[in-house]
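Next come two complexes built around chain A: one with chain B, the other with chain C.
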Partner chain A sequence: MEVCRVEIILDGVTYSRGSFSLQATGRFTRGLHLISGPVGSGKSTLSQLIVGLLPPQQGTVCLPENARSTLSFQFPEHHITGWTVGEEIESWGHNKEAICSEDERIPPLQTAVSDLSRGEMKRLHLACLLAKDWDVIILDEPFASLDCREKTRLCRRLESLQETAIVLIFTHEQVHLPRVSYLWEMDGGILSCCGPVPEGISSWHNPPVHIREALSRQVLPKNITVNDTLEALCRIPD
Partner chain B sequence: MITITYLQHTVLDIPSLSIPKGQTAVIGPNGAGKSTLLRLIAGLVLPESGNISIDDTNPRTCTIGYVNEFPERNVVFTRVFDEIASPLRFLFYPCAKTDERVRNIAAQTGIAHLLKRRISDLSGGEMVLVALATALVAGPEVLVLDEVDSHTDPKTTDALNALLRSSGVPYCIRSTQQMDVAAQADQVIMLENGRVTDSGAPEAVFAGRGTTCFYPVSWRFAAWK
Partner chain C sequence: MQDPRLRLTSTLLLSAAAFASLSGAALVFAWWLVFSKRSESLPGIKPGIVLVVTILVVGLFTTLTGGDGLSYILRMGVVVLIASWALSEYRDGDGIDTAVWALGTKNGFDLGLTGELAILSMRRMYIEYATARKAILMKGTGTTITFQQHIRILSMLLVREFYASPLQAAVLARRGYSGGAMVCPGFCKGPTDRIATITALFVFLGMLAIS
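For the complex of A and B:
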C-alpha cells in the first residue's frame, strides 16, 4: 500500500472472486463520504481493499502518510475479544467508567458479550472505536441493527469528525443519515462518484425515498437528512 | 391466534398478549427483549414461567421457520444449495422434489445465482436471504424473522416484504428497526424494557409517536403532501 498526503486515492483498483469483479477509482478527501449500493454490489469488499485486508489484483490504494486508520466490520461480533462488556472495553485500552459515562445505555460491565443482542453489541463496538482518535475511519454498515435513537446519536458523532478525519460510510440506511460531504455509489462492483453535496444529490441514482420525493418536485435539499429534505420542501421560493 | 400469558423470561414481563394471524412487526429499542420474545415464540427456548401457545398447541409441535439476527449461527452446511435443502432433507423428502422446491424458493428470494456458492463467500445481505429461503422452504406455519432487513438494501427489503405477503405463511412475526417496514404490517407490537407498551394496528401504535424517531418517515412525507 502506498502513502499520500491527506487523502485516500484509489487508482484503477480491481479485484475478482468467482463471477464477481470490482473496479474502483476515486479520491476521498477529509470529511464524510456516503457510499450506497445494493446487496452484493461490493461495498464490503471495497472497504477491505482500502484498509489493506484484501490486496488489489490491479491498481493501487494510497492512504495518507502515517494515518491512524480503522475498519468497522458489518458484523460487530467479528471485533469482539473480551468475554464481558468490561473486558471488551478494556481490550481497546479504554477506561470502562469513561466509556459507560459517554453512553448510559451500554449494558452492565459484567454482562457476557455473547448475551448481547446484535444491536447492543454494535453500540458497544462503535462506542469503543469512536472513543479513539483516527485519521481514516471506514464503517461497513454502521447503522445496521441499531435502534433509531442510537442511529441519530451516531449521525451526530460522525458529523463531529467532518473536519478531522476521512470517514467512509458504506450503508443501506435510508432514513437516519448524517450530513455528508460526498456521495458515491457501488453497483455491480463498480464505484462511481455522484459528487459533492448538495450538487451530487441530483446525480444520485438510487437515493432514499425522501430525497427522491424532493427531486421529483425539483427541490434540492442542502444535505441528505430527512430534516434537510423537509426543510427544503417547505422553503418559500425566492 | 398466538397467545402469551403470564410470561416472565429474563428481561421480558408480559402478562397477556395475543397475536392474530398475518404480518406482525415487533419494534423497540435495542435491548428491549425483541429477540428474546421471538426465540420464545419460535420454541427455541422455553419460558422461565408463563405460557405460549400457537393455535392452542405448543410452539415446539409446530413447523416454524426462524431466521436468527446472527444468521450465520444457524448455518449447518457449507454450500448454499445444501443449506436451503437441509430442512427438506431432514424430513426425508424425495430428492427430485427437494431440488425443485429449493430452486423455486431461491428464485422467489432472488438468490438463484447463489446456489452453488460457498456460504463463507456471501455478503451479509446475501447470507440473510439464504437464511430466509431456508426458513421458508418447508412451508412453515409460523415464520419468525429477527431483523432480517438490517442487512438488506431498500429494493431487496421491498421484494422481501412482497414475498412474505404472498408466501401464505399464516403467522409472520418479525422484528425490525425500520418503522416504514413496521407500518406495512397488519399489527405492531412495541416492546420497551421487556414490557409491551403498545400493540395493535400500525395507525394506533404510531399515533402517539409522531414526535419521536419511532415514527414512519413515509408517513411524515405523506402528511406533508
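For the complex of A and C:
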C-alpha cells in the first residue's frame, strides 16, 4: 500500500440550513483524527462537506483530486446495491471469496441483504470499505450498530491505517475508541481543534467519562482508550 | 390556500376542466397565474424534467398514432401544474382532517391515516433515495450512477418499506388502533380561499358551457 502524501485543508468553511449553521477551519494530516461531538452538532454535515457531497456556502475544502477518498455513511443500508451478501461484496469491486476469508463473521454469500440486521449490514459494509486502498477515509459514526467485540476489532483495524491514510472518525462513541493522532470537537456547528494526542487531551471540552476522571486526578493518559487511561491511572509516580 | 377541503375541491374541478378541453386548460392556466404562488408551486427541476419528458413522449406517441398530441401535451401540462400546486400547499394532517370531515371517524379516519402514512413513506423514500445516490458514489467503482444502480436503489427502498410496514402496523395495533378513531378536524381559511374555489367552480362550469 502506497504512503499517502495529501492533507485536507478546510479554510473558513461555512454551511447553513434553516436555523443550523456550521463553521470549520482546520488541517488534517496523515493519521487518525477523532472528531467528537453530541448528536446534532454537525458531524454528518461536515463529513459530507469534506468529501464534496455538499458544497460549502463560503470558504474552501482542499482535497487533492488524485486522492482516493471515501465516506462511510452512518446507516449502512444507504450503500447497499446487492440483493445478496455476495452481490454486495462484488458491487465494491471485490472478490467475494477473498473478503469472506478475511472476515469469518460475514454471513453466507447467498444470504439476502434485506435479512441482515443493521449491525450485520454495518459489519459487511465496513469490511468491504476497509478492504480497499484509500488515501482519505471519512467515517460517520462507524461504531453505531456494532457490538462491543466488533467495535474493538474496528478500533484495531483503524489503528492499522495510521501510517497510510488520513482517517477522520466522526463519532459520539464514549467507550470503544481507537488510539488516535489528533483530537477535534464539534459543538453547536463549530469545529475546534483540541490538538495532537496526548497534549490535546487536556483541551478536550467534552471528553468521555474515563478521560474526565483521569484529568480530574491530574493524570494525562498517553491516548484516549480505556486501557491507556487505566494504565495512566495505575502508573506509579517516579 | 389553507383550507384543505377547498383545495381538494378546487383541484378536482380544475383538473377535470383542464383535461377536458384546450379552452378549459387555458382558463385553468389563468386561474393558476392568479391564485398560485407560481414559481414556489412548481415541482423541482429534476422531477419537473421527468414529468415534461413523460408528457412529451406520450404526446409524440399520440401524434404518431393519429391523435392530437399537441392538445394532450398542453392539457396534461396544465393538469400537472395544478397537481404540483396542490402538493406544494399540502400540510401534515390535511389528509386525515379532510377525510374525517367528509367520511366520519370510522372510514374517514382509516382512509386519512392510510393517505398520511403513504405521503410520509414517499417523503422518506425521496430523502433516502437522495442519500443512497451519494453513498453509492463512495464505493469508488465509478463517478456516475448507472441506470441499473438507480433501479437497484429504488428496489431496495421499496423492499425496505415493505419490511417496515408490518412493524408500523404492529405499533399501531399495540397502541390500540383497530379501525377508526376520534379526530376533531380543524380548518382555517386564507383570505383568498373562498374566492379561489368559487373561481375554480366557474372555470369548471365555463368549460362545460364551452364544450
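Please note the rule applied: the second predicted complex is superposed on the first by the 231 of 238 C-alpha atoms of A that agree within 3 Å, B and C clash if a C-alpha of one lies under 4 Å from a C-alpha of the other, contacts with A are read in each partner's own complex, and residues count from 1 in each chain.
Definition applied: contacts are C-beta pairs under 8 Å (C-beta built on N, C-alpha and C of every residue); 3 or more make two chains touch, one makes a residue touch a chain.
Everything quoted here is computed from the prediction, not taken from an experiment.
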{"item": "More chain A residues in contact [chain B versus chain C]", "value": "B"}
{"item": "Partner chain(s) touched by A:176 [first = chain B, second = chain C, both, neither]", "value": "first"}
{"item": "Contacts of A:77 with chain B and chain C, given as first, second, both or neither", "value": "both"}
{"item": "Partner chain in contact with A:38 - chain B first, chain C second, else both or neither", "value": "first"}
{"item": "Touching partner for A:188 - first (chain B), second (chain C), both, neither", "value": "neither"}
{"item": "First, second, both or neither for A:55, with chain B first and chain C second", "value": "neither"}
{"item": "Common ground on chain A, meaning residues reached by chain C in one complex and by chain B in the other", "value": "77"}
{"item": "Residues of chain B defined as touching chain A within the complex", "value": "28-31, 34-35, 69-70, 117, 121, 123-126, 129, 147, 150-156, 177-180, 212-214, 217-218, 220-221, 224"}
{"item": "Contact footprint of chain A on chain C as seen in their complex", "value": "128, 131-132, 134-141, 149, 152-153, 156, 159-160, 163"}
{"item": "Touch list for chain A against partner chain C, complex", "value": "48, 51, 53, 68, 70-73, 77-82, 91-93, 114, 128, 132, 134"}
{"item": "Chain B-touching residues of chain A, taken from the complex the two chains share", "value": "17-18, 36-40, 43-44, 74-75, 77, 105, 107, 116-120, 123, 141, 144-152, 172, 174-176, 206, 208-210, 213, 226, 230, 233-234"}
